[in-house]
Structure formats: structure tokens, C-alpha cells
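Dropping a structure here in C-alpha cells format, bear with me for questions.
Letters A, B, C, D, E and F mark the chains in the order given here, with residues in each chain numbered from 1 onward.
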Amino acid sequence: MPKKIVAFGEVMMRLQVPGYELLTQANTLQYSFSGTGVNLASAMTKFGHDGYLVTKLPDNPLGDAAISFLQRLGIRRDFIAREGKYIGMYFLENGYGQRSSRVTYTNRLESTFNTSDVSDYDVDLIAENADVIHFCGIALAMTDKVRESMKILAKRVKEKGGIVCFDCNYRPSLWDGGYKQAKPHYEDMLSLADIVMMNEKDALYILGMETDKTSRREQLEDLIPKVAEKYNIQTIAGTHRRVNSDNTHSLQGYMYKNGEFTFSANTTFSVYDRIGAGDAYTSGILHGELSDFSPKETVQFAATAGMLACSVVGDTPMSTEAEVLSAMRGTTEDIKR
Amino acid sequence: MPKKIVAFGEVMMRLQVPGYELLTQANTLQYSFSGTGVNLASAMTKFGHDGYLVTKLPDNPLGDAAISFLQRLGIRRDFIAREGKYIGMYFLENGYGQRSSRVTYTNRLESTFNTSDVSDYDVDLIAENADVIHFCGIALAMTDKVRESMKILAKRVKEKGGIVCFDCNYRPSLWDGGYKQAKPHYEDMLSLADIVMMNEKDALYILGMETDKTSRREQLEDLIPKVAEKYNIQTIAGTHRRVNSDNTHSLQGYMYKNGEFTFSANTTFSVYDRIGAGDAYTSGILHGELSDFSPKETVQFAATAGMLACSVVGDTPMSTEAEVLSAMRGTTEDIKR
Amino acid sequence: MPKKIVAFGEVMMRLQVPGYELLTQANTLQYSFSGTGVNLASAMTKFGHDGYLVTKLPDNPLGDAAISFLQRLGIRRDFIAREGKYIGMYFLENGYGQRSSRVTYTNRLESTFNTSDVSDYDVDLIAENADVIHFCGIALAMTDKVRESMKILAKRVKEKGGIVCFDCNYRPSLWDGGYKQAKPHYEDMLSLADIVMMNEKDALYILGMETDKTSRREQLEDLIPKVAEKYNIQTIAGTHRRVNSDNTHSLQGYMYKNGEFTFSANTTFSVYDRIGAGDAYTSGILHGELSDFSPKETVQFAATAGMLACSVVGDTPMSTEAEVLSAMRGTTEDIKR
Amino acid sequence: MPKKIVAFGEVMMRLQVPGYELLTQANTLQYSFSGTGVNLASAMTKFGHDGYLVTKLPDNPLGDAAISFLQRLGIRRDFIAREGKYIGMYFLENGYGQRSSRVTYTNRLESTFNTSDVSDYDVDLIAENADVIHFCGIALAMTDKVRESMKILAKRVKEKGGIVCFDCNYRPSLWDGGYKQAKPHYEDMLSLADIVMMNEKDALYILGMETDKTSRREQLEDLIPKVAEKYNIQTIAGTHRRVNSDNTHSLQGYMYKNGEFTFSANTTFSVYDRIGAGDAYTSGILHGELSDFSPKETVQFAATAGMLACSVVGDTPMSTEAEVLSAMRGTTEDIKR
Amino acid sequence: MPKKIVAFGEVMMRLQVPGYELLTQANTLQYSFSGTGVNLASAMTKFGHDGYLVTKLPDNPLGDAAISFLQRLGIRRDFIAREGKYIGMYFLENGYGQRSSRVTYTNRLESTFNTSDVSDYDVDLIAENADVIHFCGIALAMTDKVRESMKILAKRVKEKGGIVCFDCNYRPSLWDGGYKQAKPHYEDMLSLADIVMMNEKDALYILGMETDKTSRREQLEDLIPKVAEKYNIQTIAGTHRRVNSDNTHSLQGYMYKNGEFTFSANTTFSVYDRIGAGDAYTSGILHGELSDFSPKETVQFAATAGMLACSVVGDTPMSTEAEVLSAMRGTTEDIKR
Amino acid sequence: MPKKIVAFGEVMMRLQVPGYELLTQANTLQYSFSGTGVNLASAMTKFGHDGYLVTKLPDNPLGDAAISFLQRLGIRRDFIAREGKYIGMYFLENGYGQRSSRVTYTNRLESTFNTSDVSDYDVDLIAENADVIHFCGIALAMTDKVRESMKILAKRVKEKGGIVCFDCNYRPSLWDGGYKQAKPHYEDMLSLADIVMMNEKDALYILGMETDKTSRREQLEDLIPKVAEKYNIQTIAGTHRRVNSDNTHSLQGYMYKNGEFTFSANTTFSVYDRIGAGDAYTSGILHGELSDFSPKETVQFAATAGMLACSVVGDTPMSTEAEVLSAMRGTTEDIKR
């Protein structure tokens, strides 16, 4: 049965130079709208749920275009506030080989979303309707107002019986005060969360935990159970990911639940657009949990969803449940006729 | 000396999403016109022959566009009937990595071609002019009327001394009745054909033949001579093809003639657009046979033509005889100045 | 207060050659999805209502793309059935000056929608929810099954207290049996309708009514009251439209209600894409009626909405209530900064 | 019954900046291939004849692209010589309003065509097959070799009973020696021609004839009969054309035959691409003459063909006989469904 | 002899939806960089001078792209400061007919330029080199820092013997405090200026002057001499412009100098992109003054430059002196071959 | 401190079919302007120097477009002569896999540049300003006039104390008379040069030197010191490059100076557009020499610049000094945020 999945987060306009030209060489841009919340709500919609976004968008043609884009993905506009003037934007120049991709931001912190406060959102209505609410560490890095909105929303949804999901998603460039500034906010969110996306690095660096293990896998198996216990988290999941020299990526997912670790196969695959793979993985975990998949099925479903998200144009995962299941079964055909 | 090569078959409109977007993401399509007959007639034209198509196209702007496209390839319009309203179409979304390409058809069986009958074609004129006529298993899967046209044309060309070429090209999704429905029609065409494109799988599954060999190569060497004998076929040729994990393909061609097998080198190559490679291989075999190449030359020429067809945009082979010969000599330069 | 506006009708895929090239000259197409129902539901959504479409779409990537397009416009997918394989399509080549635009259809009558029957739709749910349901003469021209669905839906919505709106929209090429075949079906719909879009030509030709007046205006004023009385219709509205030699159009709207005619100003304007102007006019009438505008306001609002729809790319009206009101006030600025 | 129409002339590559940008602003070009001969052969093919081109093209990818383009238009490649390295090219920047279009040529006189001589062409074969051969004053302005080829071809076709058509088409910028250099060559061609395209200005300036009339119409009626008599020309035809200030053009055609003038209506129309209208007019005259139209029909058909050529993208007329006849009947509809 | 023309002003990124789609319909944008200073420096460069821009741009890929764009126009980068993060941007949706164009700005006041102060610019170097320096009322409306930079630069250039040009260019939406806030700053600039662009409305509204005349022409002739006297301005020039209903514009320029008015012809012309016409007019006045044209020639040259700027894609005038002179002579040809 | 780097050479227009289509399949081209001199001047500008080009361009819109393109790259136009009519052009069709790229030239030898002579250039001004002047073997292959200009410019710059750099860059197809014709001209340039780009093959084939070594490395180490001695060259540098079967390239650079060889690491990398890598390498050597890098730093900087040039769209290197240094440090990130 479809659930109501609510994601909280900023919608940004992505302005991408087509192909491999630089901004100094080209004269056209492709635009779309994205963000962790968008990716999550879209992915859950493709899996058969009703995806909602809690965000605030300017009341002008750019805000209209964002709404149209979200609706195209099937995301519902019911919880989107409209007011203000600015949408966050970033320009993307694709790298090639040894040349890195480049991202250039506009005044993000002054965007309509990042200057919004909790009174912009109908918290009661959201809390009554959300089966799941999702937050991410990127929004947590923004402004005090945004952080306050996150914590209030999480609390209220939890009180009403909804599941709170939090993706740590730590971005060093967004925290002027570094781990020290971030830690108390992360602890607040972890204490409120039922499902958390993270791995051993988050435990080590954000939470400042310690381990005498040296391999990533051992560190993970040592630290994650401690995190789960300390913050009383039902399910923790995440991935280990590696960029290979031949432009492929390798990904292995894990889930920790009821005191047990489950790991997906470690798969290697070609990458068209890497942004959004983490959100697809999160969506897979959520869908598995909501659908009573076994842990093995859930983690494999999530890893496959993450892999497929890398094969799709744009940030936003586009695969249906059927497509993920088909790819899990490994029945990749050359052309589907 | 150039020969008159006549190919019988449907012309379909191919509507392709550019790049790697899905139909739900994009808003433009590239269109072209293709089909096994188109590919064959075009390839033979590039090899210096006069390519003709026997087909029927609607008498409307879509039919006009198809004709223009065929003419651009150098194919002659003399044997193309015009009447009716519908052209078969398919939409193509390109896959990437683990994500398969997807093909979506429109009402194909009701197309002008698939509702045509033999009276639409000037059989006498065609039979008098064709040095070679080519048919394929895709058309054979369509409608009774199409099948009737094929058999009558094959018979009449044969009577007039033309060479009949038949490419088995079995497509499971097109035969509701499966191998059982297909077998008698395939047997009719095999009995009429001088040159046949097939491999051991066609013998095993369509014709229901048996072998106690297990490797593909041994099965081929066991079954193909029996097919040649049973249906009195002068030349049988085909390929073994493998899709490798790194997006390259491997291809080895064979030809059976005068009781002997000849094999091409087994080559591995990058693939831009895989559709049409089989038709390029067939064209290479035909051109070798018409040009009195040795079997070794013929089969290597055909395999190289197949490989080059994979490096070209669109379904239709575009390489000239000189270009195939140059690639056979392996003189691949980086840039031809 | 926003109303639930339900439109019944076919969604077609529009494949348009960009610019002024012919299909024989170009190699790309722009695609979108449209239809009278789409236009109406979209326009009403822009005016602040909730627009729904009752239609049936194939369960394949083309159907998915149609849904995405409708959602982008803000139309709700709740009443859309999914099943079957074919979507109606048309190709559009833009005319220029003396050269007419050309439309080429594919197998429309075999589309998923035109082979649907009433059991595909959740009539009860629709009837309970619709504040207004809209039908049009194009759908009425299609198949017996479609006609049956229309009449059942109209009856049930009416029983539940919803408003039934019917746009005569007679297209000669779609009725093999001409006016004679059409008349009984039109009479059925007129008897069920509360609001009807038509003008004097529909009364003369479809309904076979007679008048001794000669000017269009006098004929209108003579016949429309008789139609209203005979079929017991609350409101009848429509337009007189003229294509001028300098590529401008002139449009005057009228509304007949409570025994009185009201006319809009007769305005002349440049036209970018003329398709959809009639649906914008209908939407304006509906919005005026639902918003308790005076007849004068309603008819002027509708005429302005029709004019603005001609200034927009694509079939579908895109103007908000505020934009129509601003254009009514005539405050056209060169650039809005 | 279709005739074999042979046109002699250069094929040039047209490289056009899309839209209204300048070469200093843009970074893409659209390319096509055109020339008076191309336009004429294409137009006659659309009218149901078999169009051939006598020209010489380089034996390289640019020559291949030109051939493909000609074939797409339906023009036969049988009389096209291949050898040499250069194709004439011009760059076109579209003007707007008061800003003129600009044409920039590459080294035209050194092109494969302009350095060809009569031995490059199979004169016997051409003469045996041509029902009509067409020449134009642009080719006459090129090189001595080209002029020699023209005169030999004209003579031989005439001897074999074919019709020789010559379009004066004087371009001042192409004749270094002005009218004086041009006159003897024009006289040679006029003496060989059966059908000539010209107007009173050609008589006055190229041929140096005199008249005491002052209006263009009177000068035409005075001079053309004298030209016909002096050079023994069966039919002379041409147009008077005016560019109006509102971006429309006005055109009136005439034909002089058997001692009588016939004039078309003077029509005014919007212009998308004015190049090629004269060739369309010539094609209309030829088609009328070959089809035994009355002079009135012929001249109106030709003027309508010229008008429609201005509504089409690119140099080359694309209208069929049916489309010209329909436009003559004035049945311009908004959209053809 | 070429002069060094220095323009002070903001460079903005213009992000334009191609064609006539809305941001909610499209998915690509064309980008360029513009501003009054850019337009002026570019236009003067095309007239043979050396154009410089005094501005500040972010030190990131967007700033790099802006520099590249300016250099492409021939503008020198010597006086451009680099630092900071944000460039002002605006999105442009083209209107059609009755539908207005729409401009949506991003956070302009926080741009690198609008937060720059005079220490960012090498005032001495600029003052020593500038033959002319140009300012505009748009920059004056921005921030105190920008206003301060303007006044200091104007003073220093004047001291060194350079000509100071000021274009009033009042934009109501940019002055929160309206005319009252603007007046003292305008007076400062007028007192420093040698050449001023304005018309009677600026005198009436910004400067609060009074007149008992009623027609625009009479008001102009009454007020401008008073302005010249009061602020001791050598030359005042400007235009009267009218948008006509048929999408053409009419423009008449004037210049007041040495106590005398000179007027250009009043011309009407088609408009492709109206932005930048005023800057082209200013450039024409400056060029005329620097080249010792007679007042009659100067004002006609300027008006023609303004007209041609409307025929060009983008904000920035692209016509050379020769092209303006040719258009003044009225020798508009259809195509320049 | 920035140096004035002057490059002598032809600017050609590059007309490239987008993607992988052939000229016979496509209808659009992308254009840019390039050449060894362009690449070198642009690369040095990106490294912080002032790049100038000594060339001659036609005085028409194609020449204007070339100038705009060069300015966009930051190259100064001060030493560019304008006159004449033709610019050299080449058409580029991209290869794929086994299918080679194809280049088709227009009449290059008759271009404005290749018919220029030394009087077109202000040799004194150039010689007084150039810190470095760069020549290449492609220009040397053109015409006697070009060769004369090269030698005079080299001599005069040397006399004034500038550094002369010569890149051997031997292209067999450009020398009708082969090595024999080339040798004396190469010897003239080598005798004038301070810095020379070459490897052992140039010594063996152009200069006809002999060695009994067999490996490339040993031949290099045997021959280059002899060349340096014989022609009195301060620094010789170059690369060994290999195209690998998986579409990667491998490159190792060397520099010989003060009697010692220094080699860069041998790196393997993906290639987007291989043209221009050699010019980037040369620019790296020049920049290292001008910046007093150690030989080790210089050669590694140059090799990295060469590698990055292969990751960029178009011929022209676009990397800044900072970007090359960052890539040298190997800090390749996936996305730069």
C-alpha cells in the first residue's frame, strides 16, 4: 500500500553546460531543479508512494518553473510554501578524464528557502499526513532558521507516529565551524531519527567516536552498533563507494538493524551522472522497510537503485520498482523490444 | 560491375530521444527511417551496386519524408508503392550501462506495408530486373499478406535467374505462435533461397533439428551442412556475436559453401549503435559473392562491414567498399587528413 | 474557492517539426501532449482550480511521458486509467504565409482512449468529486464506446449536482456520416448540459434549425435562445472569429444567459499558435460562472484568455487569472521588469 | 507523361547562421546545397518529372554530402561527374528589418565545377536523354570552360530535338567586364534557346536595345517581341517583382508566345526565404509548356509556384503540382487536418 | 583617430529562454553578458575606438565567462577588477503580441560589482587614459559605494581633461525612495558631466522642473536649455520613442548644443530586440562629437545606430561605422552579395 | 611577470559535424577558429602572459568572426593584418572506434594568410615587443612568401633580443617534395631558434641524420644532443606519444638543455579532443623556461598541460597555470564544489 513520504529540503536550480564545454566556451545551459529532498520524493513516487516536498519557493517565474518540474516528477505541491524572491542556483561544468567537474554557486544562503522559518510550513497538517519524513545534513548546514524547522518538524511527525529518516550527508564546505559546529545539531537529529543514513566516517569525524580498527569494514562494524545504541536508532544504513580509474564506480551497501549487519553485493558499473545515487540508495532502504522486504532484499534493492540512478540523466532517480527488481535479477538485455 | 539489388521489407520511422534522457524527461526526438531492407539496399549502394526497395508507403507527408530519406541514402524509389495512411513507428530511448535501451512500437500490423498484398507490387518488372532479391524473417513474422508477397516474389525472381537471399532473423516477440507457427514459413523461404543467413540456433529452434554437440561452434559445424543439403541452399553464412561487459562487442563470421566452412577473425570493438550490424554483414557476404571474392575474403569483408556499421550513427550502414577494405587492412589512423 | 474541474477526453501526442521546415527537410521533432480536455484542465488549474482529466493512457513509456507532461501542467492523475498500447499521435508541419500548416494523424481510432469503455473509469468516484465536468464534440465523434462513456458520465455527474459543460466543437472530417450521424448524439449531450459552447452555425447545420436572418450576428440572436429553450440549457456561449490577411485574428465572444446576450469587445491580435484558443475561451466562461463574475466580466475575461492563448507556445493555455485580468485592463507593457 | 529535365549548373554549399545572429555571435551553421540548376531540377521533380543535374562535384566527403542532398530532393545522379577537390561555398547571415542579409563567398572560381570542361560530361548520353535542358546566366558568368560546356551542350541537345531553356539571370558582381563582356555570350545562348527567361532590363542593358517607352510594362511590351524575333525564340517569360516596405513582396509574371503577351495576377505575399523564387517561376513555365496548359494557366501556375517558393525554408522549391494548383484556386486553409 | 572610451557599470548575466516558451515550458537557456557599460564600450569599439570597461567581476568561472564574452566584443579587460563571488543575473522570457516579456532578477544588490568600492579601481590609471568616461543612471540607483565610485571617477577624469558622459536612464523600480532620493545624486552627476543623455521627462520628474507647455516637443525645447545652463552642460541629447501597435517602433533623436536644437528624421522600423537601442544612440552621439560630425550628421548617425541596434540579436550594438553610414544613406538592399 | 608571447601562423576555420554523424547524414556544423599559433597564444594567455598573433585575415564577416573568436580567448589583435578574401577552412567528421575521423580541406594555399608577404606585417613593431616568437613547421610547408616572412621575423626578433621558438611539426601531406624539399627550410629555422620542439624522428627523416640505436629512447638520446650542437640550440623538447587500443593515450615529455635530458612521468589518460595537445606541451615548456622552473618542473608541467588539453572541447588549450599545477599534484576530485 502506498505511503505518504514527505521530504524536507531546498530546491535548487541546476544550470548545466551541455556536453563538455566550459562556461567560457558555450552559450547555452540546460536547467533543471533538484536537491536531496526532490530526489527522495521523486524516487519514492516512482516506487509507488505519494511523494511530498516541504520547501519554500519564490513567488515568481523561477518558482513556477521549479513547481512545474517537481510536478512533472509526480511530486505533490501541497506542502510547498510560496513567497520571497530568490532560488538557490548552481552552475555545473562537466569534467572529462583528468579534468574535474566544476560547480559554481550563487547566493545560496539568501534564498527563499534558507531564509524561511517554521511558520512558513503547516506543521500540523504535515505531521498528520506523513508516514515518513526525510531530512538531510545539507539542509542542517544552512541557517539557524532551517535547523529549527527541521527539528520541530521531526519532533511533530514522530509524535504523530510517523517515521523520521535522517541522512547525515556531511559537506565540509558548508560548515564554517567544521565538525565542532555540526556535532550538536547532528546529535539532535540522530536522537529524533528512526532510520539513519551514515557510515563509519560520520561516526569518527562528526560524532568524534573512536575505534582501534583500521579497515573501513571493521570500523563500520565496530562503530555503527554503538551509534544505534547511543541515539536509539532502529535502522542505520549506508554505502561504501569507490571511484575507479576507468570511470566506473564500485558500490556496496549495508544495513544494520536488530543488532545485525546485512551487506549487498559489491558491484561495479559505468556512471553517467553520479549525483543522486545516495538519495536513490536511501529511497531503496525506505521502500524495503515500508514493504517488509527482508534485510537482504532491502539492501540489495537499495544498492541496485543507487547503481541505476548513475545511469540516468540529471540528479533525480527515475527507476520504478519493477525496473530495480528487474536489474536485481540481472536480466540486462541489450535492447528492450 | 554493379548489380541490381532488390530488398523487400517494411520501412519504419525511428523516433529517438537524443542522448540518454527518457521520454518522460525530454521534449525533442530525432527521426529517421529504417528497416532490414533499407539497411541492405543502402549498404549495397555504398558498395557500388544499385539498391532498390520493394515496399509500400503511405501517400502523405510521412511517406514523402520516408522516400526522401531513402533517396538520400541512394536507394531507388522505382519499386515503392504509395497508398494508404500509416507507417510503422518505434520510439527508442537509449540505455546506459546497466540501464537497457527501450523500444516502444505503434500499431505496426496495421501499417500500409503490413496491410499490403502482392498486387501492390509490379512483380514482373521486379523479377526481370533483380540480380538479387533479399528477404528477412522480420517481414515473415508480420501478416499472411506479407508472407504471400514474399513467397511469390522469391519464386518469380528465382525463375528469372535472380539470386534469392533470405536472412532468418527470428524475433520471438513477433510470432504469437512461436517456433511452431514460424517453421513452415521458414521452410518455404529456405527452399526458395540461394543464400541464407542463419546460425545453429535457427536450426535447433526454428527447424527443430537435433545435435549431440554442446559448443556453439561444434553445433554450427554439425547442423549447417544438414540445412544446406535438406533445403538445397548454395551458401549459408552468419555470425557469432557476444556483448562484453565493457560495452565492446565481439564478432566472428562464418560462411558455408561447397561443403566447406570459412571463418573470419574474431574481433572485438566499441559500439556506437548496434542496430544494422547484421544487415551490414549480410551485405558483405552478398558483395563478396557477387564480386568473386574468395570465401576467406568474403567472410572477412562481411565481418569488417558489420564492425564498421556499429561505429556509425543510425541503423543504416554507411561504409563504402574502399572503407571496408581499408579497415580490413587494419590501417586505422587517428585522423584522416 | 477552488473547484474540482474534471475534463473528459483524449490525450494525443503532438509531434511538431521545429520552425518552418517540412518533414522531408528536417530530422528533429518537438513533442508535447494535448487535447481539448488537457487544455481545459490546464487552463482551469492556472485559474486556481484543481484540474482533473478522465482519460485512458497506455501503460508504456509513451503513456508515462504523457502523464509527466500533464503533471507538469498541474493536472491531477487520479482519474486517469492506464492500460493498452497505443496513444493517438499527430505530426504538425507549420505553414508560412500562403503555405498552410499540415497535420498528419496516426491510427487514432485504435488508440487506448478510443477503444476504452465506461468500465475503465471509476464513474462513482468521479461523480462524487466533480464540481464541473467538461466534454467536447471531438470525443463525441470517435467511437460508440467513447460516446457511451460520455453520456453515462454526464448523467451521473448531473445526478450528483455537478455542472455539465459541453463544447460542440464539430469537426466535419471526423464524422463519416456527417451532420445526420452527429445530430442525435449532439442532442443527447445538449439535453444533459448546463453550459454549452456553440454558435449559430452549430444550430443551423448540426441541429438543422432554420432562420430567415442573414448576418451571423442576427442568426446568432435568433437561434441561440431557441436552442437554450429546447434543450433546457442554462448558459450558452461562444465566439465569432476571423483570420485576417495580415496574420492577425479577430475575436468577439458572446454569452447568452437568463434570456440576455452579452458581447465582449471585438479585438484583433497577433497569433503565435492558434490551437487552444477556443478551450481558453471556454475556461474563461467557466471560471467567470464559478466566480460569480458579471456576464460582462465573464465574457471579456474569456475573450482575453482566448487571445492570450494565441500568444503562447503549444496548444495549452498558460495564463493565470492575474495575467488575464492584467491584460483585460490593457496595461500591456513592453517588458515586465 | 513525365519528361526528363536536365539542368546544367554549379552546386554550392550554403552555410547559414541560424536565426538572426551574425557570424561573430554564433557558433553553429546549418548547411545545405543549392544552385539554380538544383532548384530547377528539384522543382520539376516535385511536378512529376525526372530531374537530372549536369555538374561536377569533388570526390570527397563534401561532394558525397552534396550528392546525398540532391538525392534527397529526388534529383538523379546519373549525369554528375566526380573528381577534384573544391566545392563553391557561401556563408549567409540573415538580415532583419533595416539590417541587410550578408553573403560571403569562398574561392568560387577555383571550384571543381568552375574548372571543369566539356570532356567531363557525357554529352552524347545527355543529348539523347534530355527532353529539356536548362542553363542560366550565373554559370555563363563563370569561366571560359564553363561557357564552352554550356554552348556545346545546348547545341547537341537542340540537334537531338530537346528543348533548350535559358534564364538570363544577369548578376553584375560576377562580370568583371560588365555588359560588354557578357553580351556576346548571352547572344550565343539566346540564339540556341527555345524558351528564355528575361525581362525588359535584360534587353536594355545586356543586349543594348533601345526604346522610347518609360514604364516597365510598356518597355517590356515593346522590347520582348523584338528579342523573340531577332534570336528566333519560341517563348519568353519572366516576372516583375517588388519588395514592399512591410517585408512582403509583390510579383507579376508574364509570358510572350505566338506574338501574344499573357500576364498573371499581381500578388502580394509574405516571404520566408526569397532565394529560389525565380527558379520556381521558370519551373512553372516549363511545366505548363510541357503539360499543354493554356498560356493563362501556365503563367498563373508559374507565378503561384514562385510565391510558394518564398514560403519554404531554403533555396529549393518544394511544392508539388497539386499544391500549386490548390494555392491557385486560393483555397488557403489555416491548418490542413 | 581612435579614442579611449571608458564605461563604468555592472556586467549582468542574461539568461534567456529561446523562442517564445516560458520558463515553466522550456529546459534550455541562452546566456550572454550585458549592461549599459558593455553596450557602450562595445558600440564605440565597433566605431573604431578602444572600448574599456570599469567594473568588478567575481573570480570564478562565471566571471571568466563574462570576461571572455566582453573580449569577444573587443572590449579591453585592463580596468576590470576580479574578486568576490556573485554576478548579477536576470532571466528573460520573451513576450509575444499582447503577452509581455518578463524579467526575473537574482540578488543583484549583493553582486560583486554592487558591493565594490572605489578602492577596487585604479582611479589614477583610468583618469590618465580615458578620453571619455561614461556613466548611467542604472548604476546610480544601486548602492552608496557604487555612487561614490561614480562621482570620484567622474571628478578625476574631468580633472585630467577627459570628457564625462552621463545617461540619466531613470528606472523607477530601482529607487525605493523615488525621485526624491534620486535627485541629489542626479544633480551631482549632471554638474560633472559634459555630455548628458536625457529628455524632458527627466527634467520634469527627476529634477522637478516646471513648464507650461503640453506637447513633448515643446516641453523639450523649453526645459533642456534650462538644464544645460543650470548644470553647465555642453551637449544634451536624447530620443523620443514610441511603440506602435504593429510591433514596429518609431524613434526621433535630438541634440542640444551651443544653444541650438538639431533633430533627426523620425523613423519607424521593425524590432528584433529592443534592449540596447538607447546605448547605441548614446554611442552615436559620442562618436559624432569625437569625429567632428556636424550636429545634423551626429544626430542622424545616432538615430540610425539606435535603429540598427534593434535589428540585432542580444543587448549589444554590433554595427560598424560603415554599416551605420550605409544605412543612413538608405541603401538597404535585400541581400548583400 | 607576464611576457609578450607572439605566435606566427595561419588561423583556420574549423567546421565540425556535431557528435558522430557524417557530413552526408547531418545538417548542422559547429565552427571555431584554430591553428598552432592560436593554440600557443591562447595557452600562454591562460598561463598569465599576453598572447599576440601575427597573421593576416580577410576583411569580411569571416575575418571578423575569427577576430572575435581570438579575442574571446584573450589573444590581442594588435599584430593581425586585415585584407583579402579567403580564410582556410577544414571540415571535421569525428570517428568512432575503428572508424577514423576525417578532415576535408578547402583551398588552403590561396587563403589570405598563405598569399600574404612580409610587407603585410609591421616587423619592427613586432620585433620590439616580442619577448618570445613562436613558429611551426605547418606554416613552413605553405608558400615561399610565408617561409620568407617566417625567416625575416625570426631574424629580427632574435636581433632585438627576443627568444625564437620553433616547433618542427612535420606534416608529410603538406610537402609535395617530401623531406628533400623541407630540409633546407628546417635548417634555416633551426639555426635561428633558441627553443625547438622535435623528437628523434625529425632528426632521422627531415635532417637525414643517422644512428645505430634501435629503440626510440636511445635514438632520442643519441641524436638530440647532436642537433643541439649543430644548430646551436639552447633547449630542445618534445614528446613520445602512443595511442592505446582502449581509446586512451600515453604521453611522456622530455627536455634537453645544458647537455642534460629530463623526462616527465609517462602518463595514460582519456582523450576528448586530441588536437592541440602538442601546442599545450610547447606552451608548458615555454612557460617553465620563462618562469625559471627547474627542468623537472618544466617538463612535468608541460606534459600535464598536454594531457589536460586532451580533456577540453576544441583545439585550443584552456587550462590556467593553477589548474595545471593542481593536476600535477594529482589532486583530482570528482566534482569541484
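Following the convention adopted for this analysis, contacts are C-beta pairs under 8 Å (C-beta built on N, C-alpha and C of every residue); 3 or more make two chains touch, one makes a residue touch a chain.
For each chain, UniProt lists the protein as follows: A, B, C, D, E, F = Sugar kinase.
Quick caveat: nothing in here was measured; it's all calculated off a predicted structure.
Asks: Please identify each chain that touches chain B (Sugar kinase) as well as chain E (Sugar kinase).
Replies: Chains in contact with chain B (Sugar kinase) as well as chain E (Sugar kinase): A, C, D, F.
Asks: Compute the distance, rounded to whole Å, between the mean C-alpha positions of chain B (Sugar kinase) and chain C (Sugar kinase).
Replies: 46
Asks: Tell me, which residues of chain E (Sugar kinase) touch at least two other chains?
Replies: Answer for chain E (Sugar kinase), listing residues that touch two or more other chains: 22, 24-25, 27, 67-68, 72, 102.
Asks: Can the chain contact pattern be summarised as a line, a ring, a star, a complete graph, or none of these (other)?
Replies: Basically it's none of the tidy shapes, so other.
Asks: Okay, what are all the chain pairs that touch?
Replies: Pairs satisfying the touch definition: A-B, A-C, A-E, A-F, B-C, B-D, B-F, C-D, C-E, D-E, D-F, E-F.
Asks: Inside the complex, what are the residues of chain A (Sugar kinase) that reach chain E (Sugar kinase)?
Replies: Touch list, chain A (Sugar kinase) to chain E (Sugar kinase): 15, 18, 22-25, 27-32, 60-62, 64-65, 67-68, 85-86, 89, 91, 93, 102, 104-107, 110.
Asks: Would you mind writing out the residues of chain F (Sugar kinase) in touch with chain A (Sugar kinase) in their complex?
Replies: It comes out as residues 72, 269-272, 307-308, 310-314, 318-319, 327, 332-337.
Asks: For the complex, give me every residue of chain A (Sugar kinase) touching chain F (Sugar kinase).
Replies: Touching chain F (Sugar kinase) from chain A (Sugar kinase) are residues 19-22, 24-25, 95-103, 171, 173, 243, 247, 274-275.
Asks: What residues of chain A (Sugar kinase) sit close enough to touch chain C (Sugar kinase) in their complex?
Replies: 67-69, 71-74, 77
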